[in-house]
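These are the structures, in structure tokens.
Here subunit A shows up in two complexes: once beside subunit B, once beside subunit C.
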Partner chain A sequence: MRHLLGRVSARAGVWTTLAVLLVWSLAPIAVMVFTSFKKREDIFAVPVRLLPSSWTFENYSAVFTSSSMPRALLNSVIIGGLVAVATLLFCFSAGYALARFRFRSARPTALFILLGQVVPLTVVLLPVYQIVSSLKLLDTTTGVAFAHLAITVPLVTWMVRNQIAAIPYDLEEAVQIDGGSRFDAVSYVTLPVCAPGLAAAGMFAFLQSWHEFLFASVMATSTASRTAPVALTQFAGEFDVDWGATMAASVVLTLPIVILFMIMQRYFAAGLTGGAVKG
Partner chain B sequence: MAMMPRTRAFLGVVVAAVLALAGTTAYNVVESGTRDNTVAWWVPDWDHKKAVELVKEFEQQHPEIVVDLVQTTGDTVANRTSVALDSGNAPDVITESLARVRSYVSKGQLASVSDLYGTDIPTADFAPGLIDSLTFDGSTYAVPYRWATNALIYNPRLFEAAGIDSPPRTWADFERDAKRLTKGNVVGTAWPMQGDPNDLTLRFLDFALSDGTKITNGSPRFTRQSAEAALHLIGGSIREGWAGKSSFELDNTGIRELFLQGRIAMYPAGVFDVDTAVDQGADVATALLPGPDGPGTAQGVGWGYIVPKASRHKEAAKQLVSFLAQPKNMAELTVTFPARTSASADAKFTTPQRRPYADQLARHSLPAPNNPQWTATVQAVHDKIQEVALGRITPAQGAVQIQKLAAR
Partner chain C sequence: MTNTTTTAAVRRRQRNHPVLLLLPAAIVTAVLMAIPIVTTIVRVIADGGTGITRLFRLPDVGQVFLNTLYWTIGSVVGAIVIGYAGALVLQSKKLRLAGVWRSLLMIPWIIPGVVGATVWRWTLSTDYGILNQTLLDLGLIAEPVRWLSDPGIVLWAVALIQIWVTAPFVMLMVSAALTTIPAERYEAARLDGAGNLAVLRHIILPAIRPTTGICVLTLAIWALNSFTIIWVATSGGPAGASTILPILLYQAFQNGDQALVSAVALVQVFIGAVFAVFFVRTMRTDLEEQT
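The block that comes next holds the complex of A and B.
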């Protein structure tokens, strides 16, 4: 009996802890979502209420009709897509070389690439700005995507390197024994085997680009290349903040990522853990 | 050796991506090379609509110049301008906060615009001390176009209900009235302890300047007594209950919303809040900021036009700035007050609620400190004010610590 009581109370403790963590995690999201449906006077009502007293879509209407958010969302999708594709191209090449070729400076090179991940973004902001500027890519979606590569390339190179290192080289050798080239071995064996990992890496790159603010706020000077996180700041004017529109825009900004993650979470989890035991 | 289909596709994608990047770069290089007569002007969101109209008029008057209007946001303009100036690749004209001009000048990043001042743009036509605050070693580096300050906003209905027949003129009046007004769900006043730390520090400094603190070389030089009195007014008012404890959760927007709901009786704020209250038909009146024994001093803050030293079209840029500095155009772009006195005649600047603001600007204001060292201490000063409000330190201790921070 005592044993049973102990098990029940332990389970109750676990469930209570989980419930507290759930509320702790979801409360800000709930406030964001419900505030986006509140009227201006409702947001500052005293006493504070979570649910709107009357529901409104005015904030969403403001976001989609009188702000640069629709254009910014499109820019974010384009930039995120460019970053994901370019990251995979560059990082697959670099990751493959680091995993497969034995050369004297392989280890230092790999560590040097990872160094890019630990340097604060503000330190590299000015050099990246100057590179983008000298390429005449300022205030273009390509320029912002180029800047975002500085964030994604170091870590993704390591992710991909570990993925490839976990694939037995014997498989590639088999293709070459059958008369294929190394390129054929890569296209027919390595790429398909590490596809889930590459999908995860691509998604990681897309997410990094989607919510990045610092580089985008500096490289994109106008609405032509402004990304969604930067467009959020336009609801904070010189003298006041339109909290309703800010929250509505935040919901709009969050939703595509939640949907994307739900669709791809299987690949994401598999990709992140793939290669974890060998590297 | 023949390539297998999937390998061909893989290599094709790689080559296409590299060519696309190279093509985009080449296109942008060619495109930017054809814009020799284009003046790039960075303008924040809130001015963009009017700026489009003004640019159209300017281009009609100067057909040889094309203006590339780039819409920025207020929250990002500081960082963006700083990086652009540091990199040496900057636009030709930037609408910037005047508080940051000294910082850029100290790094030698701005072109002098002294030659623009003269018969068309006389320095005497600007708010007192304004041009001096933008002049370093004999050269002026910005042309201000909007200028604003805080004054007292109050709810006349709540004042009448509390038996108070006129707004407070002195700090003693302010405290006494606020205590009488604090009843039920109404508090006498509130302070913006959340949001931008500048908002709270600005109010603190207004009180300190009213009581003997001076501004030297763009930095405040606090007297202990004035800093302590200012801390008592802000921090002490919350401790004693005549300012709302909700101040800890409020930014400027929050205070305005609670004022509109009739829950805050009075507070120091800018003219934008008055316009909002008038638009919503709220009970609102305005008065000069109270001081120790008469009208207090408020800081003037504003925006202006700067021409980066790296600008490639300085002469055309200055023509644009000169055009924008004309009284009519200045009045068009201003929602607070124009920097030039001759532009203030417009009816929108002379409403009854705006008169105390005009008076505050003309007779009881001075330019806000703009030394980068002071700007860097604003957050720390804000935190000290909060500590006083929380009762962790006394106003006297806070005054000593703020003096030390400002003297660093």
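The block that comes next holds the complex of A and C.
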């Protein structure tokens, strides 16, 4: 009897903890979603209620018709795409070299790239700003994308290196012994085998860029290159914040990411823990 | 025989490629990381230390360092506790649909930091925030708490946001580590009459100690370098009560005070270097297997 009671209480304990964690994790999300459907007077109604008293889409139409958000979303997609492509090109070649070749400077180079992961972004903010400025790339999508490589290259090089190291070298050797070049070996064996991993790495690079705020906030000064996270903060004036539009824009920024995550969860989980150490 | 000679020939042919392959990534890392750090150090030395002197003569510099310390400790401890709780609950055999719950608990980690901070800023609003309203309704507080405008509370309130964002990372890491503990070990402990707490203390915690180390290190580096969450939630205010080093640097950047930016950056480099040593040590196994 005591045993049974203990088991019931253990089960209750597990479910209670889970419930608390779910409320903690999802309550702000619920606030975001429901506030985005509230009318203005509803948002500032006291006592505060989670659900809207009447539902409206006016915040969303405000975001898409009378704000810089659509342009900012486009900029974010362009910058994220540039970052993902450049990162994959650079990091596949570097990751391949680090995984497959034994040479004297391999260790220092690996260490060098590895340490890039722990450099605080604020530390390099001013010099990177000046470099981008001297390249005449301030306030351009290319400039922001270039700065974002500081985040993605050290991380993704490491992810790709580990993926390639996990593929037996014998497979490549077999192609070369059969008369193929090393390039053939890489393109017919290594690339297809680690394609899912590379897709996840590219997605990871895109996401890092999509989330990035610090560099974008100083380098993208006009709508020409302003990214979505920076545009989100523009709804807030000095004293007045348009909370309805802000929450609607937040939902727009979050939704594609969450959907993508649910679809690609299996690959993400590995990528997110595979040496991910950037804030 | 022919096989081995061909392999050797193939191996020899490849020797000159690696540098070329490494070049793009190495150049990017050099231009965006190494050169900036060197520039920062050179700049601080070149101006005769006036930037550093000015930094340490700022009226509230002591508070900034203390804030950075408290903020880091608070967000690391909080994320570890909540992340562990999440991982242990999800691993429990009494739970169904663990995959679904896991995905839901991951959401704070995958949404953009700017969005997280913005949403929390509204949730923590003194007059219109759902948190104050709920606490009032439950009778836990008599008056609305000024989460983001009371200098005595604000640092912990923003740490709460950082914990909310980073705890799922700990959960993910610990979950992965928990799956490596063989089931026999639990059974053996149960046969020996161990209760839940004894299993946690003598089986689970020792087995995931390396993961705990990596998590603490990663969380500390994140917290020390964190900018977005505090900046979006409070901009370091009120009256500098939530200003940490990266915020101080950004404010100097906005004021065009390059000497001060470089001085703060140098301090961050020093702190970062300490953590980098630990970081490289924990990653060394990765390095070893490749050289």
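A few points about this structure:
Assume the second predicted complex is superposed on the first by the 261 of 279 C-alpha atoms of A that agree within 3 Å, B and C clash if a C-alpha of one lies under 4 Å from a C-alpha of the other, contacts with A are read in each partner's own complex, and residues count from 1 in each chain.
To be clear about the criterion, a residue touches a chain if its C-beta (ideal position, glycine included) is under 8 Å from a C-beta of that chain, and two chains touch if they have at least 3 such contacts.
The structure displayed is predicted, hence computed values, not measured ones.
Subunit B and subunit C, once both complexes are superposed via subunit A, clash.
Of the two partner chains placed by superposition, subunit B and subunit C are both touched by A:L125. In the superposition on chain A, contact of A:T221 is made with subunit B only, not with subunit C. Of the two partner chains placed by the overlay, only subunit C lies in contact with A:A10; subunit B stays clear of it. Touch criterion met: A:M32 reaches subunit C, while subunit B stays clear of it. Within the superposed three-chain model, A:D184 lies in touch with subunit B and out of touch with subunit C [touch as defined at top]. Which of subunit B and subunit C touches more residues of subunit A is settled by the count: it is C. With both structures placed on the common chain, the touch criterion links A:L149 to subunit C but leaves subunit B unconnected. Looking at the shared chain after the overlay, A:L21 reaches subunit C, while subunit B stays out of its contact range.
Note on the superposed arrangement: subunit B collides with the subunit C stretch 238-246, while the other options among 202-210, 238-246 or 274-282 stay free of clashes.
Shared interface residues of subunit A (contacting subunit B in one complex, subunit C in the other): 43-44, 46, 89, 125-126, 129, 214, 218, 230, 233, 243.
Residues of subunit C touching subunit A in their complex: 3, 6-7, 10, 13-15, 17-19, 21-22, 24-26, 28-29, 31-37, 39-40, 82, 85-86, 89, 92, 94-95, 101, 103-116, 118-120, 122-123, 127-130, 132-133, 136-137, 164, 168-169, 172-173, 176, 196, 218, 221-222, 224-228, 231-232, 245-246, 249-250, 253, 258, 261-262, 264-265, 268-269, 272, 275-276, 279-280, 283, 286-287, 289-291. Against subunit C, the residues of subunit A that register as touching in their complex are 10-11, 14-15, 17-18, 21-22, 24-29, 31-32, 35, 43-44, 46-50, 89-91, 93-94, 96-99, 101-103, 105-107, 109-129, 131, 146-147, 149-150, 153-154, 157-158, 161-162, 165, 173, 176-177, 182, 207, 210-211, 213-214, 218, 229-230, 232-233, 243, 246-247, 250, 253-254, 257-258, 261-262, 265, 268-269, 272-273, 275-279. Interface residues of subunit B, counted against subunit A in their complex, comprise 1, 3-4, 6-7, 9-11, 13-14, 17, 21, 24-25, 28-29, 31-32, 42, 44-46, 70-76, 79-80, 83-84, 86-87, 89, 91, 185, 195, 251-254, 256-258, 260-261, 263, 270, 272-273, 276.
Only residues 40-41, 43-44, 46, 68, 85-86, 89, 125-126, 129-130, 133, 135-140, 142, 180-181, 183-184, 186-188, 191, 214, 217-218, 221-223, 230-231, 233-234, 236-241, 243 of subunit A touch subunit B when the two sit together in their complex.
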